[in-house]
Amino acid sequence: MLKQIEGSRAVAEAVALCRPEVICAYPISPQTHIVEALGEMVKDGSLSDCEFINVESEFAAMSVAIGAAATGARSYTATASQGLLYMVEAVYNASGLGLPIVMTVANRAIGAPINIWNDHSDALSQRDSGWLQLFAESNQEALDLHIQAFRLAEELSLPIMVCMDGFILTHAVERVDMPTQQQVDAYLPPYAPRQVLDPAEPVSIGAMVGPEAFMEVRYLAHAKQQEALTLIPAYAAEFKAVFGRDSGGLLHGYCTAGAETIIIAMGSVLGTIKDVVDEMRADGHQIGVLGITCFRPFPLAAVAAALAHCKRFVVLEKSLAIGIGGIVATNVRMAVTGMGLKGYTVIAGLGGRAITKKSLHAVFRKAAMDNIEPVTFLDLDWKVVNKQLEREKAHRKSGPVAEALLRDVGVIGARNY
Amino acid sequence: MDKPFAITLDPGSSLANRTGSWRTLRPEYIDRLPPCNAACPAGENIQDWLFHAESGKYEKAWRSLVENNPMPAIMGRVCYHPCEGACNREQVDSAVGINSVERFLGDEANKQGWQFSPPAAATGRRVLVVGSGPAGLSAAYHLTRLGHQAVIHEAAPLAGGMLRFGIPKYRLPREVLDAEIKRLTDFGVEIHLQSKVTDVRKALADGFDAVFLGVGAHIAKRAYIPAGDACKVLDAVAVLRGMEGESTPLLGRKVVVYGGGNTALDVARTAKRLGAEEAIIVYRRTRKQMPAHPFEVEEALQEGISIKWLTTIKEAGMSEDGGDIMVEKMALDDKGFPQPTGEFERIAADSVVLALGQDADLSLLENVPGLVVNKGLIEVDAGMMTGHPGVFAGGDMAGLERTVTVAVGHGKLAARAIDAWLSGETWTPPPRHELATFERMNPWYYSDAPKTVRPVLDIIRRQSTFDEVLGGLDESNALFEARRCMSCGNCFECDNCYGVCPDNAVIKLGPGKRFKFNLDYCKGCGICATECPCGAIKMVPEEN
Amino acid sequence: MSFQPVKFYQTGTFTVGNRLLPPEERSVQSSSKRFNSINSGHRACQGCGEALGARYAIDAAMEATNGQLIAANATCCLEVFSTPYPETSWQIPWIHSLFGNTAAVATGIAAALKVKGRHDVRVVAQGGDGGTTDIGFGCLSGMFERNDDVLYICYDNGGYMNTGVQRSSATPAAARTSTTPAVGPAPGNVFGQGKFLPAIALAHDIPYVATATVADLRDLEAKVRRAMEIRGARYLHILVPCPLGWGHASHDTIKMARLAKETGIFPVFEAEHGEIKSVLAIRRPLPVEDYLKPQKRYAHLFGQQPKVGVIAQLQAQADRNIRKYKLLESL
Amino acid sequence: MFQVRIHGRGGQGVVTAAEMLSVAAFNEGRHAQAFPSFGSERTGAPVVAFCRIDDRAIRLREPIMAPDAIIIQDPTLLHQVDIFAGLKNDGYILINTNKSFAELGLADLASAWNPARLCTVSATELALKHVGRPVPNVPLLGGFAAISGVIQLASVLKAIGERFAGKLAADNSAAATEAYQIVRQSMAADSEVTEHA
């Protein structure tokens, strides 16, 4: 059924259709609208047989989900940014114990300086946590991915993060096709846990494992994620059969046929990029787009295959591995090792900095002429940066950076238009 | 379930890990000798019969008791209970009232008409027992249990010896005495009354395989006191024996008893009950030095007996007006011996009763070869055998510790020795466990419960009648008293060791079967030993 | 209450069992059919108070729930010595997640059971004093505040023994630990305000809060039984001496717990909805020295010239407990 | 693609307005994308919301920098922020006020655009009149339908019906409808003026 609703609401309704049994909520922007909506559905009874628990921290949220999942309940929570970092210890524990929890991450920057706007630093900081990570391009895909995520997680006994851009998607009101309960029930079987806490069949979960077996445990987690590389496309195909939509999968190519330059990105920025690519194609540029939906496990082979015929690729990412450059780019480079491709990293949109068609046109056209730095910072205000660098050279006590920059750009400069 | 590798494990699988290998000390269950048992002259297994009494199994308790002593009802009255003096519970609150429980069991047995369990198969051996006092009765009983025919010859017209002729009714009612003697005769003990044995060698010749002598000590010691006709001078033995005859002795209104032992008190208290206005005990030493038991002195004083300590009698009834005696004050010298002071005093007295101790009548032993008599006592070995093979002796004639309980113990000991001797062996006492001292206990676990006080007859009736002074316990407080026993040194299955082991390394074997250690898992921490209430666990080093 | 003295003067209520008691009045631990929820073969130190306390408490809970019990366990000695791969000592469904999140994990278990309609299955969470009073305190307080249907049991041995005896917020004043060594002008742990979690639990007005020691088994079992009769958040704080950390003989573990209670150092009480209902009265009052002397962690108080001042301060703390909780009169 | 930028202050329903505008477009079977200026602005602070309307799926995620229309819910913002930034030459402006552009001192500025596409309506008064609360956002949507013709009044009323229930829906519909008529009339008046010039 078509609806014009906010992305958070769309995800909440999709999660509700998945019949979750335990939901843990702790507020943090921009995830809050999702759990608010779910809380309302549980309270008014439209979502039954579900415990909605207001916990005292994200650490508790993930911990409650761990207990619930280990007791055989389908468990869900949502978080972002600092909240994700605050629960990290439990995040690793959930994957280590092999508990199929589904968590929405409404991507947001990490402070300091504190910043509530969107980028991918939070989710990507957890790239090695053992969780699967799926990135949504639109609200439609966001809600579709949640339905697939529960099935994947429970089949693999691994937790999954469904990542959607904070505000840009969570707060955007747009058209979505909301599936029916029958459709979801047909696609998603009830949770049949691999292990469960049950007096009828007692087990000890979470033993201390020493050097004699630890590496094996870790390898098995890795093997599980490799297994996911075949499961994810298969489940996406089944999804299309039931819901009639292309959603999920590992990658989405756009105009890649005959493209000399391929732009690689994750999340909602792909839409803007596609508009730019259409316009550049119209101007005769051989350019295409590769959207990465599944970041963990990272589909090395699929990426290599997608880039097989291009001359160069540009990874445009909303994250910065300080001290080296791109995070997604590093993964892509590993995929194309030995293919002799030119590769560029464009760091863009950190902390909610708008990524405009104008800027993309400029940087893509230069890239097409191999005329950009290996690591380029889109729309960086060099004037302000250099001023601060000089200031720091000049005075030992140059004061707090963020405040100095705001003074330089004028507060209005922090706005989005 | 198809569990994840390593992080999820099957229940209880740690049994594969034998932590017993960590152990350097090993716990062991042991039995220690309870102080009460150790102190009992009759060798009663007090803790054992209390154990049964605790659970209300009185007959079982009584049967355990009579394995060592056939006369609980008597013992429960006349025994001076050294067991209670030794009781560890004294250091928690107060000693367990063992004597009162024993009396309860004895009386219960008489009430219920319990009989001894049948003796062992008859051996055909006959043993002569001379005297039906506590030693003789005890010896006869134990010989009978062992299958021998015990034949008692008693000079007196009634059985019981000193039990009857030495102990007043108010301490030992005669129906109690008679009941327990009857049980013995029902058991198979032959008693021939008024048949004085005059020649032991002759007796041995007439088909007896062994002899036990328990003639007691009935001859009163005399002291020279110049006396006139105005004042009767009698001896305690005669007075007390007289109480059993048709006519009670005539002592007059003012009676003086000379001596400081239990007999002196018995006489004085008897005199009072016979109607004497005054009964005065004269004793040459101090109250502390009196051989009599303090509680008896106390009872006597309660009953209005007056006692003159540090006093001797110089003469009786010599003055013109007669009816009095002259006494001299004494003073203790630096060695603690009483010395005359030259201070004299006259006391009105219709009679003086001498209670200065007794000697045994050893006339029947003349010309028995090998037999040694020393200071009026027969010398016996560890098995109570005299110098003459086959002739054994016990009771007052064989020792200076002259109590009913000691006599009963002698009788039992002699019977066992006789049994061994009859089969050509020499009796050796069984090895004793080490003593269960208070230091080895963990008294925390015993809840507070003070001793039950037995009812005491009111003072007026005590001065006028021969009713029993000390009452008995009823069932409820007998049970209470029995349960105060701490079972020193012997497991009573409190489950402490089983409960306090952090490694579940104690195996419970079920009621009456106690416990055993599972050395596969015992790490030797020693908590079980420390927390055992009665000190029945010992930690011993592991040999490597 | 069933642990009130029964009329068996030989052993009263104080021993584990009593052949003279009717079966229904016997302790769980006296039964040869007890669960041994934590099985033999665990790797706890000789004389471990925590291993003992855990079996006492969990066996009692198993008895109370007919074996329908699930346990969540914080990282602590108990967890490490009970479940080293490839063996576990637990005979019940058991999960270890993290150091600081046990109360929350238990909340999750309880929520799952509620959703699945398994009202017969009950949940306990357990951890050491570090995992309870320090790193796990946030989750514990949240669990209390929401009144989740969980019994949280803290095994208090007064420090981080698992990592080598460091100080926790439950470490008593003046005690020596690896991080409060017995050196300098003020040796041992500081005299702070103290952090007595049972009192903080009381402030949450949860249905049930109680303290116990491994020295009073019947009292401990009765409290677990009571706790299991109640729905909602419940807290049981059990003092479990640690031979390693306290420096006492391995065979004195129970004795130490007894001394802690008898000196007034550790008040044993029971409260419902924030109101103290009963205390376990001191039976044989003793000076704190009797408790301190056998422990190496207090050795620095009894050197050449004993630290009378410090000992007096500790005595004052005990006296305050005795006054505050009326430990010399049973309520 | 038609892009609208709505200015107002926190609490004036700016975001709701953008959302309802998108719903109105959705009701016409078109694609629409509404989103706020992602900030943590509190009540009273200047707030901006956006709405894109198109006949095909909208992929673009950049903020709207060159709007086709600007709706200003609060005239006090006029001189505080660069409120007309990026407005296309043939763009629309709708201001909530009972004054004229001239009275607002915008005469010169207004000359940069097609006067037929500039309009003011006293939405707050209409809201007070019909709804009883000073919430100008809904009437302004009626006004916007009138001035731009990008959406039908019917679609706006349907959106109102989906958003509010019962009397509140009726009152808001009434306010929106009257705003629609007022704008229509003033536009007619303007066109006459130009004809007779």
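For clarity, chains are labelled A, B, C and D in written order, and residue numbers in each chain start from 1.
One rule holds for everything that comes next: contacts are C-beta pairs under 8 Å (C-beta built on N, C-alpha and C of every residue); 3 or more make two chains touch, one makes a residue touch a chain.
Nothing here was measured: the structure is a model prediction, and the numbers come from that model.
Peer 1: What is the identifier of the chain with the smallest separation between its Cα mean and the overall Cα mean?
Peer 2: Going by the distance between chain centres and the overall C-alpha centre, it is C.
Peer 1: Any chance you could check whether A-C or A-D wins on number of contacting C-beta pairs?
Peer 2: A-C
Peer 1: From the mean C-alpha coordinate of chain A to that of chain C, what's the distance rounded to whole Å?
Peer 2: The computed centroid separation for chain A versus chain C comes out at 44 Å.
Peer 1: What whole-number Å value describes the gap between the mean CA coordinates of chain A and chain D?
Peer 2: Distance between chain centres: 35 Å.
Peer 1: Need the CA-centroid distance for the pair chain C / chain D, whole Å please.
Peer 2: 67
Peer 1: Which integer distance in Å separates the CA centroid of chain B from that of chain D?
Peer 2: Going by mean C-alpha positions, chain B sits 116 Å from chain D.
Peer 1: Can you pull out the residues of chain B that are in contact with at least two other chains?
Peer 2: Each of 6-7, 9-11 in chain B touches at least two other chains.
Peer 1: Multi-chain contacts only, two chains or more: what residues does chain C have there?
Peer 2: Correct list: 82-83, 85-86, 88, 90-92.
Peer 1: Among all the chains shown, which pairs meet the touch rule set out at the top?
Peer 2: A-B, A-C, A-D, B-C
Peer 1: Note which residues of chain B are touching chain A in the complex, please.
Peer 2: 1-11
Peer 1: Write out the stretch or stretches of chain A touching chain B in their complex.
Peer 2: 96-98, 157, 194-196, 201-207, 209, 213-214, 216-217, 220
Peer 1: How about chain C: which of its residues touch chain A in the complex?
Peer 2: 67-70, 72-73, 79-80, 82-86, 88, 90-98, 100-101, 104-116, 121, 138-139, 141-142, 145-146
Peer 1: Write out the stretch or stretches of chain A touching chain D in their complex.
Peer 2: Residue positions touching the partner: 2, 4, 6, 29-30, 116-118, 138, 165-168, 171-175, 268-272, 274-275, 352, 354-357, 412, 415-417.
Peer 1: With touch defined as at the start, can you tell me which chain A residues reach chain C in the complex?
Peer 2: Residues of chain A touching chain C: 21-22, 24, 49-51, 53-57, 59-60, 62-73, 75, 89-90, 93, 97, 197-199, 201-210, 212-213.
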